[in-house]
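Okay, so chain A shows up in both of these, paired with chain B first and chain C after.
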Partner chain A sequence: MAQYVLKRILMIIPVVFLVAITIFTIMYFCPGDPAEIILGVGAAAEDIEALREQMGLNDPFLVQLGNYLYRTFIKFDFGTSYANSVPIIDELSHRFSKTFVLAISAIIIEVIVGIPLGMVSATHRGGWIDQLCMILALIGISVPSFWIGLQLLLIFSLKLSWLPPYGVTTWQGWILPIFVNSLRGIAQMARQARSSMLEVIRSDYVTTARAKGLPERTILFRYALPNALIPLVQTAGQSFGTSLGGTVIIENVFSIPGVGQYMVNAIVTRDYAVIRSAVVVLAIVFSLVMLLVDIAFGFIDPRIKAQYEGRNRKYKWRKKLRRVAANA
Partner chain B sequence: MKRWLSLLLVLVMILALASCGDKKAGKDVEPTDSAQTAPKTSGPDAGDEGPEQQEPENKELVVGISTDPVSWEPWGAFNNGRKHLMHLVYQTLTAEIPDLVNGTTIRYYVLASGYEQIDDRTYEVYVREGIYDTAGNPFTAKDAVFSYSTAKAQGTLAQLNAIESLEVVDDYTFRMTTSRTLAVGDFEDILTGFNMVTQASYESSPDGMVTTPVGTTGYVLIDYVAGSHAVFEKADSYWNNAANESRSIEDGYCSTWDCTKLDKIRYEIITDPTTMTIALESGDIDISANVSSNDLQLFQDGGKLADKFDVFAHPENMYGISFNASKSSPTNNYNLRMALAHCVDPQGVLDATFDGSGIVLKAWAYPTFMDYQNKWDDQPYFEYDLDLAKEYLQKFYDETGTTADTLKLRLLTQSGPTTGKIAEAVQAYIVTLVDNPTCVEILSFDRGTYNSMWMDENAFDILLIYGQTANRTYCTYAWNSYANAAKLQHKNDVWHSGDEKVQELLNAAISVKTHSDETVSDFQQYINDQAYIKNLMCGDVYVVGKSWIGGLEDCIGPKDCLAIMALDYDWSKSDK
Partner chain C sequence: MENNEKAFLSVKNLVVEYTSSKQVIHAVNGVTFSLERGKTLGLVGETGAGKTTIAKSILRILPDPPAKIRSGEIWFDGQDLLKLSDDEMRRIRGARISMVFQDPMTALNPTMRVADQIADGIALHRGISKHEARHKAVDMLEMVEIPRFRARDYPHQFSGGMKQRVVIAIALACNPDLLLADEPTTALDVTIQAQVLALINELKKKNNTSMILITHDLGVVAETCDEVAVVYAGEIVEKGSVEEVFDHAVHPYTRGLFDSLPDMSSTGRLQPITGMMPDPSKLPEGCKFHPRCPYATESCKKDIKKLVKVSGTHYSCCSATINAAAKVREV
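Presenting the complex of A and B:
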């Protein structure tokens, strides 16, 4: 199992490295000159040139890439924003906490609400509960989050005055953004949970358990759910990634100073340093989450555990045989 | 099952109707008057209604803005958040206010008491005595020189690159020498567009004032969370308290922006315009200049919230269409340029994009610019005439062998809701002229890409050009920015014309020595004759404030920000 975890951790390194190179290359070849944006329309060509030189934008591509990789991965220095001289790491850490809270809370709600909804739906297949759950899931998937966000703002902030219309300076401010951010995930999780459960509860071993007279609750929670969880863990992991990268709209509607807003502003102002750093940080976090998902697989799915333990046993057995043969 | 489903649908319908109810009411409102040349206010007079109330303890004004300043450093790159907030911390040597009513710009002294041009490249600037910053450090000529030198070394403010040397003459006088003879307005731009700090405060800041700004205004920043809010409080002592007593600029150094009538100001950063409207309506914010034009009818005369709010409108930013006159574009042909210029109706574009609220322009200039020629208002300027446009188009077809089916034009624009609408309106006019629905392709890009693309003669045929009106005092500023081949990176004008006459006339218009009504008129006339550009209009932008805030017409301070510290507040009528 340790070998499995180690292998997965090692795989993160080339992934993050490749992401960094890719985003650097894309930004390098994108049209638009940061020096020109900073100095504004009508700035003299020699002034723009001087600022480009000062910012190191005149160096060859490989020199710039080398400097960037060295600073990011050896010195762990993301540098400062081109546009406002604020250290990127300060801004990212301040903003990332908000985006992370938004994403992680959404995932928790998705799991807590989505899985039971899918289970209920599967166990009442074809009935009105199933249909109601699936209609709600369909609405959750199809309604755009900015629209539902604005409608909830109108109801809970304007009409009822229960919640603040913007910002997350109080705990009440978190309620609507987290709820809206989790809606799509709840719907996806419910649909996935339903189809997984349906597959599992039709299995022979579930039929056998029923035939043996085990209570339905025991069958569901002890035998069916663990097997249905494998694709759900995968869905939750992916959903976290989507939440992390896709909070831009939620952050905009509810005026939350998160990473999404920071990145969008950086893209508009061609703040290369910020875009590259934010993408690398998101890639690292997403890779770590997917690592956790893979580790969770190892615990949930005995086949994966057995595969690695079996491989280890086979390896040890071969080594022993070789030693015996050598002694002989 | 059916019963449950119907119950659910009914619930959804009730919620949707409840939340949409206000907007429906707002839609019954009659549209505002179209084209106007003077700013206007709407809504009731503040304080006419309601019983007498006691003043609240919390006299904090909450302002909604859409962009975060991110950094408080005095000389950082421009962004809209900085535009709104930097004036609460830093002051400049001089300032300018566009006078929308009289159609001019008022220039006045703030930290400076005057300046004098010694020769072509040397200026002496006199600093006012008795100024100190909020940390108590006196501001002298030495500090002004320090501010310019430090900012110039950073290299992020283009206008400072013309400074060759700075010298302190005495405590309140410094001398500035420039590396070249400046164009008209450039020196004033160096004085007006530059924040001043004291050396002592700057050097004691651990991060170059990125997070700990100290300036000479009457306010101090007490709380700031990036992307969320910024709170200012009145400073314990302020060098210019007299500003509150008189707002007359003739008094010397009083302006809307120097007042300190508010004890506490809280800026909330709300990025979504609909959320901004909700926040205004729910009472969470008191005033904002970032309300969506779709929601304005709620606050204007006859709107559902008109009794609680006042609206002030003023035109901002010029929009025009400029043509690529290089050989790589069909608009190289004079007749096609004339056809396109005559086929677009600026009033129609204004109606389509700003509900008719704004002003139609008659030159590549804005009426409050100091060198604006009033005669332009009475002269014909590419009048909308579809028949005439068709005649020119036919001449173009005859000369080049092009047909309606083969004519393809690329309209380059900056992405954004306003520019997008304008581009679509222009596209519709050209499609009507050519009678080919696919003859115009809109190329919409972010600011960075757009700025690179208009310098490439192969990238576009028509350019939706836009120019700032706030904080600009001369017509020549936009001309110099877009048409000066000696300055621009692609060594050509924005039209890629390679026209030496353009450069000759431009140089005469922008030079301090030769700048006159005649040279300004000559340049404008020449570009009209060549049909290089047709300026269209300025659309109105709005300030929406609670009705207990008086004097919204004084709201537009220097650099087009909200000069809220100068307004009149009837706190007893506030809902706080």
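Presenting the complex of A and C:
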């Protein structure tokens, strides 16, 4: 397992490298001149030309790419924003902490609320509880989050004045964004949990467990749930990864200075340095989350773990044989 | 009622239906049989005849919905299982009645170590600690000839035959009084089949366990069973001791089954039973076998057939052939 994890971590390096090259190339061929953006529309032509020279924008593509990769991966220097000359790494780390809080609390709520809802639905299939859960889930998936966000702001901030209407300077400010951000995830999780539980609940080993006389609770948590967990972890990982990319709508509705907002602003203002850096950071974060998901698979399903350990099998067999010899 | 309480297991007029939104599937239609302690009953019949449904009804593990036990009584050691509460039934399952399932490949939980899968039933029914139960589970594994160092393995590390032996170990872990073996050898290859059957037989004798063996393999029945019941379209069409049924088969369906067995001594072609089993959602009236029966008369198409005594413990529901058989015997 440790060997597998190490291998996977090493594999992240080429992935991130490729992402960086791709995003740099796309940005290079996009119209728009960074020097012009930095100096503003009314700047003199010779000033722009001088800045282009200074930034190395007149160099050939490959030289520029090489310089960019060298700066990013060897010197860990993401450069400064074209728009306001703030170092990108400072801005990103500051904003990322906000997005991270939002994403991690949302994913925790999704798992804690969504999976039990789906399990209850599956075990009461066709009953009114099931119908109610699934209708709620359908609403959760189809209603746009900005609408719910605005409605809740209207009720809890404007009418009742219980919660602050914007910003996350106090803990009360986090309540609404986290709640709204997790709604869709809860719905998705509940639906996924229901369908994968239904599949498992009819399986032969659950019948075997029932034939053993085990109580329903044991059957549900020791036989059904572990086997239904794989697609759920997959969904959770994906949803977490996407959330880490910044939830633009939530961040805008609740005025949270997060990564999503930062990126959208950068795209609008053609702030290429920011876009490039943010994409690279997200690629790293997303790869790490997917690695965590794959490691979780290994712990949930021994068959997957066996695949991971396939290469070490020879060694394991030797150990096992030694044990047999000792027993004999 | 007195009779019911005396017999060890007695199933009376069991009717089971599967309901879907469009149709009702009549899986079991009034099955009656009984079994003494320590004896083995073979339930034979084609796929879809309702054999597994009968066994799962006894254990009350049919998926509900869609399955529903419409009527009938299942008397086991003096109590009607169908009248017990869920909790009382749960205490019988695995402890006094247990089941070996058809497909060992899917019958074990892939995310649990095999010893733990044996141990959880033991811990529950014996009321002992997890730790002690695990020790007993390892003993069970050794009894089915799986070395103890494999106890911490997962099912995917086992071969099909080993998995079936684990399933058997699970079923026998609490020394049940009744074992329901649902085609325990069908999914295994022939050499392993013999091993598994021998193992079941040996363990059964050791613990004086009664068994219902579900199979479509008549050879297996001859080897292991005391009594046999032939199931067709959810009904028992013929039952009796193995000698009675095998040597003097009366019902045309039973005879058809024997005729379609390959015989090494003759060179002629096999004689299959023509036609297909009726669709259980649209069963024919009268005798369910009449569309395929070479001896069918007009009355077979209308009259509902009941089991009639042939001789001793031998019963058949085909009156036409019973009379013929009686005549043969008189001559």
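To be clear about the criterion, the second predicted complex is superposed on the first by the 307 of 328 C-alpha atoms of A that agree within 3 Å, B and C clash if a C-alpha of one lies under 4 Å from a C-alpha of the other, contacts with A are read in each partner's own complex, and residues count from 1 in each chain.
Keep this in mind: a contact is a pair of C-beta atoms (placed from the backbone, for glycine too) under 8 Å apart; a residue touches a chain by one contact, two chains touch by 3 or more.
Keep in mind that this is a model prediction, so the values were computed, not measured.
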After lining up the shared chain so the two structures overlap, which partner does A:Ile186 touch, if you call chain B first and chain C second: first, second, both or neither? neither
Partner chain(s) touched by A:Val41 [first = chain B, second = chain C, both, neither]: first
Touching A:Lys212 in the superposition: chain B (first), chain C (second), both, neither? second
In the superposed arrangement, which partner chain does A:Val233 touch: chain B (first), chain C (second), both, or neither? neither
Touching A:Leu117 in the superposition: chain B (first), chain C (second), both, neither? neither
So, does A:Leu220 touch the first partner chain B, the second partner chain C, both, or neither? neither
Applying the touch criterion given at the start, work out whether A:Ile178 contacts chain B, chain C, both or neither, answering first, second, both or neither. neither
Chosen between chain B and chain C, the partner touching more chain A residues is B
Please name which positions on chain C make contact with chain A in the complex. 59, 61, 63, 65, 90-95, 98-99, 101, 103, 106-112, 120-121, 124-125, 147-149, 154, 156-157, 167, 170-171
Of all residues in chain A, which touch chain B in the complex? 30-34, 36-48, 50-51, 54, 81-86, 91, 94-95, 128, 131-132, 135, 150-151, 153-155, 157-159, 161, 164-169, 251-258, 261-262, 265, 267-270
Residues on chain B engaged by chain A in the complex (per definition of touch): 1, 4-5, 8, 15-16, 18-20, 22, 68, 70-71, 73, 76-79, 155-158, 161, 208, 210, 225-229, 268-272, 274-275, 278-279, 281-282, 284, 445-449, 451-453, 477, 480-482, 484, 487-489, 491
Residues of chain A touching chain C in the complex: 126, 202-205, 207-215, 218, 222-223, 226-227, 300-303, 306, 320, 323-324, 327
